[in-house]
Every structure is written in structure tokens, then in C-alpha cells.
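First the structure, then my questions, so here it is.
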Amino acid sequence: MKEFALEVKDLNVWIRDKHIIKGVSVQIPRAKILAVMGPSGSGKSTMLRAINRLIELIPDARVEGRVEVYGRDVYAEDPYKIRRIMGTVFQTPNPFPHMSIYENVAIGPKINRLVKSKRELDELVRWALEKAMLWDEVKDRLHDPPHRLSGGQQQRLCLARALALKPKLLLLDEPTGNVDPVNAVKIEEALKGLVKELGLTIVLVTHTPQQAVRISDYIAFLYMGKLVEFGLTDRIALNPSHELTVKFLRGEV
Amino acid sequence: MKAKHDKLFYLSLLPFASVIFVIFALLTFVLVSESWPAVQRWGLSLFTENVWKPSEVSVEQARYGLLAPMYGTLLTSVLAAAIALPLSISTVYFIEELAPRRVRDFFSSVIDLMAGLPTIIYGLWGLEVLVPFLRDSLMYPLRHSLPFLPLFSCDPTAGTSLLAAGVLLSIMIIPYMHGVIKEAYSSIPYTYKEAALSLGTTRYEYFKIMLGLIRPAVLAALLLGLGRAASETVAVALVVGNAFNVSPCLFAPGYTISSLIANQFSEASFYPLMENVMFAGSLVLLVIGVLFSGLGVVMMRRVRELYGR
Amino acid sequence: MDARYLKERAFLIITVALAVIAVFPVFHVLFTILVRGGQTLLKAGPSFLLDVPPPPGKGLGGIAPSLAGTLMLAFYSSIAGIPLSFFAAILAVEFPRSLIAKGVRVLSKALLEIPSVVVGMLVYAIMVVPMGQFSILAGAVALAIMMIPYVTTYVEEALESVPFTYREAGFSVGMLRSQVVFKVVVGIAKRGILTGMLIGIAKVLGETAPLLFTLGRDRYSVPTNVFEYGDSISLLIFDYVQTPYANMHEVAWGAALVLTLMFLALFTLVKRYAGEVRL
């Protein structure tokens, strides 16, 4: 039997009595990038938070359906354990303001006891910063507070923070939405590298179809909480089967 | 699956939080059970009569009635709130509309300081400075010029009096009333201010419009101020004169419930049931406080809803 | 037009005058304390902090036992009151849906409305009577109860002021809820939390009423442990200003200066930490 990296089956999410995600199912193999696109308010971010169970931080949120990550049933396990195989990067850069650049990357491995020595930790921090394409810019000021970095650098720091956990699945919520174009390109490059070199699987929420087409292998198009279309990026970009998708790709919704 | 950790974390915080509940449970139990014997013995007259006849020997010969301290509490708090209200409104208007930035910051700090200064400091100053001042430059002149008014119908012998307590309390509650009014005032949406100014109002007219917009907050300040004043203890105990009086004369010495407790509770255990009488008094005090501040909080909530805060 | 203008003038003059009258007393209080307390301190010298009080009518002595009592009370009431309020506030913020959390929010604020003298009576009934004597411990418990509403409210506010996104980030790197709270939220809010704690201490430092029937007023010996009788500067002032002896009034003023300086030190510290403070 073929095991998917991520399998979402008939996912429904309510917040209070609002039905935010309506029966969404997708599945993607390992080492692929899934772009979840759709206009704002379509439920993209909520879907991401249903995968890593951060949705449970919101009072009155209710989830039905099934989410499997690398064959593990996310909702059958302890949320803290299952979150450790996923890394998340948020829309607005949010490095911990009271920790240094180094500590921001080191906190995950420390919490989860991934390393045994200070040297090992140093190496892991360096590795994560390199993978996030930030190392060269911060190697001389690892102990500065993160607010001295530009917004784009802060976002790559958040990427490094997520990578330091050595996750199998990386979830990104419009990571370039609040970042300048140069940094956006850098982040996209970093993401491609992660898939190629490390075999990471990525779910990327984006509201720009261009970005989805540029870097993803699969596209899921959400509209008002419903999955309008899901499939290989090449197919959807060339030959979308739904009228709404056509409109969205043209920038009309 | 729910996280086991969350449950454990909750349970480990629970003992700390429950202490707050325990305090309230104990408070209710102690106040009710300690008051009960006194209420049982003298019934309603405990609150409607002005008598204070302690007896070391037997309960039979003792009689207590808390009317005088209840009257004193009410009178001094009303006096204090009445004096403090216009003053607090003025400080708010001054800070919000008139003072330049640096003066405003300084003024705000001073009011914070007023709120925090230990009450015993006010009490000491009240007894040694305020009371003689009021006696010589307010009470005697009033006594001599308007002797026919019942309010001024007695000689301010020592100066310690209901009036002195009211004035001292008014100083002490200004920062609280100021805080309540200021919160409401600064929450008035800017568009309303613009609209008022665009009508070509003078500052006085503008002020009246603004005050109208926060009327519930002014009422809330009044109620919260009354509650504060009623519960204040040591400062009042020093300046109120400590006598069982139900007199309309403001210059007469009096008692408030809390000053009575402060003065006599230490010795009360020598007299049968006297402690219980004091507990009954504190129950009254608590009810007054809860009533005023409860109403005040309801008012305040209305203000916050009004301007969506 | 003229009448309107005159009305405005009168209004402005009255408002400013009333605002000045409102704050004038506090300056007069501080000034008087400084002058009269200063006289006492100058006359008594450093021994004012190290000696025991004088006999009625003769000399100034010092306030050492009361000063020690005030410091001990601040220390022990903080030890009890601060952790309690801190963890209760965490529960209120972290588990907002639980009945306990709602209770903590309501009751910790309601505590503010209980007259301080009633807190003293409560502790008298539940501690002094059963233990058979007054003690520093009973006084500290009364002050700890007084402290709870301030510290709880300020810590709640500080914790809630931390943007939600940092909590999410904490959970996303695999933190347990307790780790998110202590490593992330408390870390970011530490300024506000510390301010709240200092305000709590400043609030109880000069309290008098809760100590009237709990502490025992032994002002001639420095207490060595919490089970002994104690005194506080505030109680000493309260008692001495009611005596007919001039020298004891002088001691009261000196003590008031010491207490005021302690309070002002804390107040300045708090002000420096946080811009706006409501005491």
C-alpha cells in the first residue's frame, strides 16, 4: 500500500457555528510541495492549523474528519507529540522577541531534547540557518535580538526555527505575504532546496497563483471552505477544469 | 486524543487558584456565623438603635445598636463623594484637554501617587494638619455666620468630626474617581469631539457635551467613590472623633463602622457578644460596599459597551 | 457673544482651580512629612532606625522593631501572595473556559472591594483565635490577601498582552502548554509581571487596618521568627499619634517619613518600569 506524506480525508472545521472547512480531502506523496491557494477568507490558514492541531488553541473550534501525516493519525495521538514531526512558519514573522537569534533556532531542539551537547546544538543551529539561507547574514551576530533583522530575514529565521526540529512535514502560512520580493525569492529557493536535498514535504498556503505555479507540485484550490479543485500543478495551470479556478488564476476572484 | 499534559498543568495550577475561593468561603462563613449570635440576641434593633452599653459581666445587661456608626459611614461617604466628584471631573478635563503634554504626565503621576500613598499617612496629616485647619478656618466661621442651620448647629470643640472625615476621605478617593472618569473620557471616539467642535462651541459648551456623553461613567465614579470611602478605616478613625452620635451637625464627632471596629475590636473580646456585634457591623459594611461597587461596575460596563471597548 | 465668552473664561478658571485644589493636598502631605519627619530624624540621628521607641514624654528613641516588622511583613506576604496570584492568573488566562478561571477573575477583583479592616477581622478569626496569639504570620497572611487582587489583575493583563502569534509559534516548535507559558509568554511579559508584583508590595507596605488585630504591636523587640508578636511602622504611627505625648507625635512623624520614603522608592521603581500605573 502506498503511504502518503499527508492525507486529509473529509476534513470539516467549525468555529462556533461557522462552517469554515467543508469536507476537504487531499493527499500528497513524500518530497512534494502542495500549494493551497484561494482568496482570503477561503479557509486556507484554518486548514493548515487543522493539520498541526494549532486550531485547538482557538476556543469553540471543532474538527471532524481524518488527518494523517506519514501514516500517523494526527487526531489519535497526543497533540504535543504529533506536532514534533511538523514545522510551521506563520504569515507574519514572529521570532520570539525575548530570545537571541541563536536561541530562537535552538529552542526547538532544546525543548525536544534532540541534541546531547552544546557542540551538537551549535551545529544544528548552523545547519538550520544554512538551510534557511540566513547563515551568512547572521553568523557574526547570533546573539543579537531578532528585531534587528529585516522582515524578510526574520521570516527566514522563523523558517530556520522550524527546520531545527528536523520535521518531516513543513507547513507555511503565506510565508512571503509580508516580505519584500528579494526575500520572497530567497525563501522560495530555500523551500525548493529543502525538498530536493532533504526530501521534506511542504504544504504552502498562498494567495498568489503565480507563487503556487512557480514552486508547487500539487495545487489545492479552496473557495469558501470547499475544495474546488485538486491535482498536479502542471495540469491545473494548463488546463483547469473548474470555472472558478480559471477566474482565480486570472486574478478575477 | 486530548493532551494529557494540559489536564496535568491545569491540575497543578488549581491549588493556587482555589485559595481565592477558600478565602471567600471562609469570609462568608466567619462573618455570618460570628454575626449570628448578636443578631439573634438583639434582632433588628441592632441596626436601628443608637445604644452602646457594653457589660463585662453579663449579656443580659449589655445593649448594642449600630445606628450611629451606620449613619456616620453613610454621611461621611456621601460628603466625600460629593466633594470629590467636581474635583475629579476637573482633573480629568484638565489632563485630557488643557494641560500640555509634560504637565499632563506629571499631573497623572501625582494622581497615581495620591492613590498609592499609605492611608495612615493621610490619617496622620489629617489629624495633625487638616483638622486644626478646618476647625479654625471653616467650622468656626460657619458656626458663627450661619448658626441657625442644623448642619452647623454645634461647636466644633476638638475639630475631629464627621466633616473632617468627609473632607479627608474626599482627598483619598479623588484618584479612584479620576481613574473611572478618565477611562470613559479618553474612550470617547474622536469623531464625536470633532463633531462637537465643528459646531463652533465654546470650551464650556464642548465640556457639557462631553460630560453628557459619559454620564454613566460619572455615576459609576460616584458609586465606586462611595464604596471606597465607606470601607476606609484608619485615616477616618483618626479624624472622625469616635463618638456615638446621630446628629445632623457636621461639626459633631461621630463614628463610622470601620472606625468603630478599628477602635474597639481589640478590646471587644473582654465583653460578651461585643465581637459579634462588630462582625455584624462588618457584614453591613460589606453589603454597602458590594452594593455600591456592584452598581458602579454595572455602570462602567455600560460605558465600555457604549464606545466598544 | 460676550456672555458666551465670559462663561468660557469663568469655566476655564474654575476647572483649573479645582484641578489644582484636587492635587494640592498630596503636596502638602509630602511637604509636611518631609519637614516634621525630617526634624525628628535629624534630632534622633541614625539611631532612629536602630533603637526601640522612647518612654512617654522623654526622648525620641527609634523604631527598629516596627521597621523590621514592616520589612518582614512585606517579605512574607510576598512569598505567600505573589506565587499564589501569579499561578492563579496563569490558570485564568490559559484555561479561560473553565469555571475556576471565571471564578478567579471575578473573585480576585471582588477582593478589592472587601474593606481592609474586614480582612483583618477574618484573619483574626481564622488564625489568631485558633493559634491563641497574634503573630507576624497572621499579619503576613492578611497582607497577602490584600495583595492578591492587584498582582492577579496585573499578571493577567500582562499575560494577555502577549500577541497570540507567539503562543502559536511556541506550540509549533513542540512546546508543551506549560513551556509555552513559562518560556514564551512569561518571558515576553516579564516587565508587566514584575510591575504587577512591585505594585502588590507597594500596596501592602503601608497597610494598617489588616494588621490592627493580627500583629500584636510588640514594638520593643525585633521579632526573630514569624510566630512572634510583631509591629509595623503604620501601626506605630496609628497608635502614637493618638497619645497625648509630644515626643511620641514626633516619633510618629519620623516614622511617617521613613514609610513614605520606602513607598516612594517602590513607586519610582514601578514608574520606571511601566509608563502608566494604576495603584
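Going in written order, the chains are labelled A, B and C, and every chain counts its residues from 1.
The rule is short, and it goes like this: a contact is a pair of C-beta atoms (placed from the backbone, for glycine too) under 8 Å apart; a residue touches a chain by one contact, two chains touch by 3 or more.
All figures in this text were calculated on a predicted structure; none of them were measured in a lab.
For the pairs A-C and A-B, the count of C-beta pairs in contact is higher at A-C.
Chain C has its Cα centroid nearest to the centroid of all protein Cα atoms in the structure.
The greatest centre-to-centre distance from chain A, using averaged C-alpha positions, is reached by B. Centre-to-centre separation of chain B and chain C, using mean CA positions: 18 Å. Our note on geometry: chain A versus chain C, Cα centroid distance of 49 Å, whole angstroms. In this assembly, the C-alpha centroid of chain A lies 57 Å from the C-alpha centroid of chain B.
The set of chain A residues that touch two or more partner chains comprises 80.
Chain B has residues 3, 5 in contact with two or more other chains. The set of chain C residues touching two or more other chains comprises 176.
Of all the residues in chain B, the ones that touch chain C in their complex are 3, 5-6, 9-10, 13-14, 16-21, 23-24, 26-27, 30-31, 34, 86-88, 90-91, 93-95, 98, 107-125, 127-130, 171, 174-175, 178-179, 202-205, 207, 227, 230-234, 237-238, 258, 261-262, 265-266, 278-279, 282, 285-286, 289-290, 293.
Interface residues of chain B facing chain A in the complex, by the touch rule stated above, are 1, 3-5.
If you check the complex, the residues on chain C that touch chain A are 96-97, 163-176, 179, 183-184, 187-188, 190. Across the interface of their complex, chain B is touched by residues 75-80 of chain A.
On the side of chain C, the complex with chain B involves touching residues 4-5, 7-8, 11-12, 14-19, 21-23, 25-29, 32-33, 83-84, 86-88, 90-92, 94-95, 98, 100-101, 103-104, 107-108, 110-111, 113-118, 121-122, 124-126, 145, 148, 152, 176-178, 202-203, 205-209, 212-213, 234, 237-238, 241-242, 249, 252-253, 256, 259-260, 263, 267, 271, 276-279.
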